[in-house]
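Next come two complexes, and both contain subunit A; in the first it sits with subunit B, in the second with subunit C.
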Partner chain A sequence: MASKATINALIKKGLSKKLAEKVAEYYTLTQLKKVSYEELEEKIGKDAKKVFEKLGRKIEGKEKKEEGKKEKRKGKRRKKEEKEERKIKERTVKDEILKILKERKEYLPPIVVDELAEKIESKKLHNKLRIIVEKAIEEYNKHLMEPFEACGMVAAQSIGEPGTQMTMRTFHYAGVAEINVTLGLPRLIEIVDARKDPSTPMMTVYLEGVYRVNKEKAKEIANKIEVTRLINIAEIETDISNMKVIVKPNLKAMERKDIDMNDLIKAVKKLSKVEIKEGKEKIEILPKDENYRELRRVSEEVKNLKIKGIDGIKRAIIRKEGNEYVIYTEGSNFEKVLELEGVDKTRTITNDIHAIYNVLGIEAARNAIINEAYETLQEQGLNVDIRHIMLVADLMTSDGTIRPIGRQGISGEKASVIARAAFEITVDHLLRAARKGEKDELKGVAENVIVGQPIKLGTGSVELAIDVKKLGKVKK
Partner chain B sequence: MKFDILKHKLVPHHEILSQEEVEKLLKTYNIKKEQLPRMLLSDPVAKAIGAKEGDIVKIIRKSPTAGISIAYRLVVKEII
Partner chain C sequence: MKYTRFEKARIVGARALQIAMGAPLLIKPPKGVVDPVQLAMLEFEKGLIPITVRRRGKLIKGPAV
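Moving on, here comes the complex of A and B:
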């Protein structure tokens, strides 16, 4: 179907008559503008290159792609090698620094040593290494906290003061669309009170392997964990005149959630005291006792019957972050979700701190408390140094369990009667202590302030005494 | 079945100290075992590393302020 117009146009573009005729056999000019290099090459062979050149088209054929990829790989490899070299050089500098620290019997935190090594290496200050390290040691020691510093008080104020700037708004949607998460002051109170069930539990489920990059597979997992009730995938009618409940499955909804009739029937069979009749497009459920109350009970049970999903997960939403799919769930069942195949068991987290404590242990719970509290404050735009939050988390987890800061936890376990009475429920504490004959050793801050003595922190941490033996040696 | 919780991002490195290491630790800080922070025997990590009551676990944490920080916990049966 070589059109003369095409041939002439191609000749005008600079192709030879023979080539133009050949090309025009298969394509018109408009088609040539869109055809891929590989296809043209298949039809007319190596001349395709010439055709593309004359048409002014860029060859994005396999060859060029390979070339481009090779260049990229070489570049990446070179960068990697350079990084490796740099790391080795930094390590030798680091070893030198550590040697100096050892001989001076001083300590610098690992993060500082790493940063020093990096800067010395990048700015080529090897000859000044010793001076730099000694100055660093001096500065570090100057900045250390002194013993008996009232760090708890400082931490409390550092967290409390920005707290007054936080709003009580809880309806604001955080980050992920559609999922409602408690924010701000109420959330901070939940964390510090170590509440057993947060008001908006949420899980961030990371995936692994093929589930991570394939949207369909990710949807599979989302359907596996999101709770689907019978009412979501079927029409349920209560036939009062015939004393039965009719379930008409909605096939489209079932397909969307990856459920088949067998799953449905298996779930329906779990109902108690009923007789089940499977029809062509419906299932009839008749209660064994034929009265209205039973019928109503069966109807309610049928509507809420769980077909698929993990208990507690109300909704699961998939989002693409970077180049992987992540599932956010409204509702949390940490233990069960981690058992699923395809779920990345090293990265999946929840905002329910007790769940993390039960599954991953106390240290993980400590980290979870720090992360949650820090993020809550950051989200409100408040910049609190993380060490204050770390102190609170350390205190909450110091005895192996998560203790709330409050009457039922740390504040209620203080040894001093007066301190506890000053905090909450004054009369009870004093009365009980008086009846038992308790003794208050006045070791803490609150009780000393009440009694009027200096506290045992800061200046009050030391007492002055005279060494009588040396008195004699003092010059008169 | 149960995956390895020690591989989770939130769980730091735990190891049980030997008897001499324990003595060295108590001597360095001049403390008694009971003055250390605690960890329950029923803690998932204690079970995973096979800690017994009275063991001291060394925990190497990634700290946002110091890079790496070391903590110790005494394994106890229950909180009195």
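Moving on, here comes the complex of A and C:
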């Protein structure tokens, strides 16, 4: 089929005479423009690359990828632009709402204003904007508590009463996939006491990008965070007669955890006061001081030697939820796990509230307290209005740190001597106050009740006066 | 003025005490109503009680918008 025209054309394009002849055997120039790289490679071998180069064609697989990438980039850019447009539109709606609020001299919380702006924009309700805002103001005012309402007392009772219905027992294996989590009353006590280490720390790690949908990639991350000790992936023998510890790696186990010999050797080299001999399929560790005690110490250290994983994460379990993979871990190291590539920093959570405080700050800690407490109650089947829990969380985080409710925290920091004495350790407080000559201003509830006066809440907050205008009408 | 329920309770209560101690009524008592609290409530609903509340400080509903 070799047409002379084809051969000449190919030679003109830059192919050698031999190659041109070879190619022209199978294809004409027009066919060459459409043939796939794989097919050409089959027919003429490695030279197909050169042919494609000279013809100015990109190798098919790559070419399609480039096209796909361009489309993706265009799509992303368009999405970004749309998002920005939307934000600008929402801002104009928001400004209108704020204008209405100002002229009516009313108030709505910023988050409500944002949500209204978003909904009005997305559902195109601009013409009904005024009515919507006025209705929102009306509803908001209806839900407001009146000043001097005893909200603390109400909140305490609203949480305490269902608390009596909670179980003291913790269930085993409650929660996802065999991970032990503290539930019920003990957990609520942990939260409210602001304990630094919860008894069952746990993390829910969400993934992003490729890691989110690909099982192998998700497993990669799970292996990166789960702590693997030498004893899990190798046989460890203590050879007493020769005063050494022999480590025989189990290659299958190592492969499952994505560990190679180099990782092993690097970890073993960290041991102190030992000499290391690398064998073919084993590693020999000899303590520098040859006595039984050293040998035993080395043996123990070797067994517990951490090869891979993040400190504190005992187990990592992957689960498929909907169309994404999520990792649940027993044990929590919030800081280190967030640093990993593939981990979605915007959604990953832990139940260790102090960890959230250290990494994400006090507002996040406040939300964590609310969520944890609310979920604990929900799990027990109790429905407590979230505003009571919000009050407790606000109180705990009001000074910028997490203070426990209790003697070491809020209750112990009250200004009134009598209130503190009535709470715990009575005599101490009274003695110390008497020695200092402290004054109790009787501003709070507890001290007024003890002394026998009305408290400054509710009706005790009202100061009556004569209404002179109405009095004038009465005389008539 | 819109009273909170604590203020209303206090006002009605103070007026009821006055009525109970023999103060003249500001409304014409309907037939059969003798309870001072009920009478005070009727007066309150008509807006006739010359007692009001002194509110200290500004009532702020939230951060300045």
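Points worth noting:
Here is the rule we use: the second predicted complex is superposed on the first by the 319 of 476 C-alpha atoms of A that agree within 3 Å, B and C clash if a C-alpha of one lies under 4 Å from a C-alpha of the other, contacts with A are read in each partner's own complex, and residues count from 1 in each chain.
By our rule, a contact is a pair of C-beta atoms (placed from the backbone, for glycine too) under 8 Å apart; a residue touches a chain by one contact, two chains touch by 3 or more.
Computed from a predicted model, the values in this text were never measured in an experiment.
In the superposition on chain A, contact of A:214 is made with neither subunit B nor subunit C. When the two structures are aligned on the shared chain, A:467 is found in touch with subunit C, with no touch to subunit B. In the superposition on chain A, A:109 contacts both subunit B and subunit C. Touched by subunit B in one complex and by subunit C in the other are residues 109 of subunit A. Residues of subunit B touching subunit A in their complex: 3, 5, 7-12, 14, 37-40, 43-46, 59, 61, 63-68, 73, 76, 79.
Every residue of subunit A that touches subunit B in the complex is listed here, in rising order: 109-112, 114, 338, 345-347, 349, 356, 358-364, 367-368, 386-387, 390, 394, 397-401. For subunit A in complex with subunit C, the touching residues are 98, 101-102, 106-109, 144, 146-148, 458-459, 461-468, 470-471, 473-474. Across the complex, subunit C meets subunit A through its residues 4-7, 9-11, 13-14, 26, 47-54, 56, 59, 61-62, 65.
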